[in-house]
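As structure tokens, here come the structures.
Next come two complexes, and both contain chain A; in the first it sits with chain B, in the second with chain C.
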Partner chain A sequence: MLTDLYVTGDSPVHRTRPVIKIAALIVLCTSLFAFEGRESLLISAVIVTAGFALAGLKARHAWQSLRPALWILIAIFAVQVYLADLALAAFVVSRFAVLILAAALVTLTTTTSQFVDGIGAALKHAPAWVPKARIALAISLCIRFIPLIRNTFGEVRQAQRARGLERNFLALLVPLVVRTLKSADEISQAIYARSFD
Partner chain B sequence: MITFSDVSVEKSGTEILRGIDLTIRERRVGVIGRNGSGKSTFARLFNGIEVPTSGSVSLDASGDPKQLRRHVGFVFQNPDNQIVYPIVWEDLEFGLKNLGLPRDEIRQRVDDVLKRFGLQHLRDRFTHQLSGGEKQMVALAGVLVMQPRMIVFDEPTTLLDLWNKQMLMAAMEELEQHIVVVSHDLELLKGFDRVLHFDDGVIIEDGEPGAVIANYVARSRC
Partner chain C sequence: MQTRDVVFIALFAAIIAALAVFPPITLPVIAVPITAQSLGVMLAGGILGAKRGGLAVLLLLVLVAIGLPLLSGGRGGFGVFLGPTAGYLAGWVVAAFLIGYLTERNWTRLNYVLAFLFCVVGGVVALYAIGVPWSAYVAKVSLAAAFTGSMPFVPGDIVKALIAAAVIMIVKRSYPIIGARA
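Moving on to the complex of A and B:
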């Protein structure tokens, strides 16, 4: 999850503007598919590894980024072995792994506020009627409140389990939505109270 | 000095507050009352989060809502609903960015407030991974960086354990700002300069804490 990924640091990668990091990510991902072949994969892997090293990130950060996608990578590998051969399966899976690690390098070294500032900068030349600050804040709130909603869901599930309603989808959904909306109401008041116009 | 002039608040045809007339000059003011008595709505009027249906709220004769928001900070009961950003320092910077302050001043103010409350170790932590007490302290720090003249607390200790409650009380004790505290925790209000007792949308008692709290306790007995 994005909110858990950021690793504090002051490396050149951390200091690079988010818009440049995202642009570099797009170029790298596109070139991986545009220039098919092992050379392209090798060069991308070297760039991503150098990025990790320059950012002071450890092997465990790479592992944490890959772990959620592990089952999908294993499934892709198995299908490719079945349909083609071992070499192609290894190539395809490695390419996906490099893509995931490249994206992780951006999220591991970019805070939410940097993303928000980046979005704000990207929208700088948008027409006056575009609510730039609101768009940027809405995105940051989405990221911030993922763990909050996850906690609320956990609490509601435990409460319903205690009442024997574990398998009742509505009994989970209704309190979750009501509590989330109530929180959203108070959050908007809190934002207003902190001088956001 | 904050003045309420004949303030009433009505929601969905129900009067939440009726004809509130008072001036607050004291440094520490407590607000007590039953659930639904109107005290939280009253608290939200200080900062302009709530707007009177009739009457006015003014800070040093200025009724501008922006001035109220700028000079009156608000600490919510549940810090999870007050913290906007995932990392502590990012959240503390939020209000200051809204004020359009220069980058250096923002960093300085954040560092100062963290140091003042011994929260430097939380600077780079994820806000959702903090304990309840730490979250409440971060929420308070997020208000203090704005350097308000007055801070309103809405039941700040309700979700805290004894240890965290004492930590927050010690922090509140140190504040030089005027504070208004809405609370069911009567111990918190001992030593305050003034306590307001709300019931059914009106202030039924207003005075020094000893007498007001004693009468409130007596009324609460069945």
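Moving on to the complex of A and C:
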């Protein structure tokens, strides 16, 4: 199964179209860097907090989005305190936190299929030289095949564990890559056979 | 760009995504754990070539941006492109393209040493040339400090280039994609 980061809900934030959410995110991020200062950071923090509350997201969700970046943020904080002062360190790290949380707000309230539909809708207005059908095919193929390739990888790992090679990168990677390339050839033949072009 | 190329791009993006669950291996000498995902980026270039390899990485990043937790450690969503290490993600596309370009140009005389060198040029030199200034800018530290901070990861990336080059050479012999024109 391929799970996304979506948190189910029916708030105004959830119902906003993905295009508008992304546009709002871009505006927020740009203004954080364009109008650099405590005021813009504070305003953005208030907006993001309000968004989290409006979307019915818990502090747990905010923590989950920040956790992967935590160690790097701590490292940056330490370097800034050492090189500059506490104020700049706090500013830089809280700006990252606001940026990451703002992005998480979009990610947590939008399903992957909404995004894919959004990309499809955006492609409709794209100029003729953009290979729309191929982009759509690539995205849907990849989403479909990630669970399958994870399975393949699991099989290869078990097979190599039986040989005592589960720590050998080559023994794991080469079968995974060759098997995937072979199935790619089979899939493209199946697509040709169905006259996709 | 034919349908076959699109399928290669999509499935290789899926391989890089699958490598996120590869168990991180900690080498005895250096303490930093090696994750296999950036190895997948080197393989994308060295096996698919410049255009397809670069697009495979780009496709993966699009899927990450729309909320699939496909990066190692289950990271995903828009936030990763706003964090301090986002430059390395952008650099992945360039790295895959560059490795692919060099590999395509030298396909007939490709050997292990050349493949390793190309992986280092794309996957280490070009990658850090984009990632380091990016972190320096967004984290407001000097270039030198950002450079020093990223140094512990270089030995791991060299090891990845050694492994990637071996895989590229084996796949070149057993299932070549770049040279064979269907």
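By definition in this document, the second predicted complex is superposed on the first by the 140 of 197 C-alpha atoms of A that agree within 3 Å, B and C clash if a C-alpha of one lies under 4 Å from a C-alpha of the other, contacts with A are read in each partner's own complex, and residues count from 1 in each chain.
Basically, a contact is a pair of C-beta atoms (placed from the backbone, for glycine too) under 8 Å apart; a residue touches a chain by one contact, two chains touch by 3 or more.
Keep in mind that what you see is a predicted model, and the values were worked out from it rather than measured.
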Practice task
Please indicate which partner A:103 is in contact with in the superposed arrangement: first for chain B, second for chain C, both, or neither.
Solution key: second
Practice task
Please work out whether A:65 is in contact with chain B alone, chain C alone, both, or neither, and reply first, second, both or neither.
Solution key: second
Problem - chain B versus chain C as contact partner of A:112, first or second or both or neither - result: both
Exercise for the section: Determine, under the contact definition given at the top, whether A:141 touches first (chain B), second (chain C), both, or neither. Expected result: both
Fill in the blank from the handout: Comparing chain B and chain C in the superposed model, the one touching more of chain A is C
Practice task
Using the superposition on chain A described above, determine whether A:16 touches chain B (first), chain C (second), both, or neither.
Solution key: neither
Problem - chain B versus chain C as contact partner of A:83, first or second or both or neither - result: second
Practice task
Considering only touches as defined above, state whether A:192 meets chain B (first), chain C (second), both or neither.
Solution key: both
Practice task
Using the superposition on chain A described above, determine whether A:8 touches chain B (first), chain C (second), both, or neither.
Solution key: first
Handout entry: First, second, both or neither for A:44, with chain B first and chain C second
Key = neither
Practice task
Would you mind listing the overlap between the chain B footprint and the chain C footprint on chain A?
Solution key: 3-4, 6, 111-112, 137, 141, 143, 148, 183, 187, 191-192, 196-197
Completion exercise
Touching chain B in the complex, chain A uses residues 3-4, 6, 8, 111-113, 137, 140-141, 143-144, 147-148, 151, 183, 186-187, 189-197
Handout entry: chain C residues within the chain A interface of the complex
Key = 1, 3-4, 6-15, 17-19, 21-22, 25, 36, 39, 43, 47, 55, 59-60, 62-63, 66-70, 73-85, 138-142, 145, 149, 163, 166-167, 170-171, 174-175, 177
Exercise for the section: Could you pull out which chain A residues touch chain C in their complex? Expected result: 2-6, 22, 25, 29, 65, 68-69, 72-73, 75-76, 79-80, 83-84, 88, 92, 96, 99-104, 106-108, 110-112, 115-116, 119, 131, 134, 137-139, 141-143, 145-146, 148-150, 152-153, 167, 169-170, 172-174, 176-178, 180-185, 187-188, 191-192, 196-197
Handout entry: chain B residues touching chain A - in the complex, by the definition given at the top
Key = 44, 47-49, 66, 69-70, 73-74, 76, 78, 80-87, 90, 93-95, 98-99, 124, 126-128, 142-143, 146
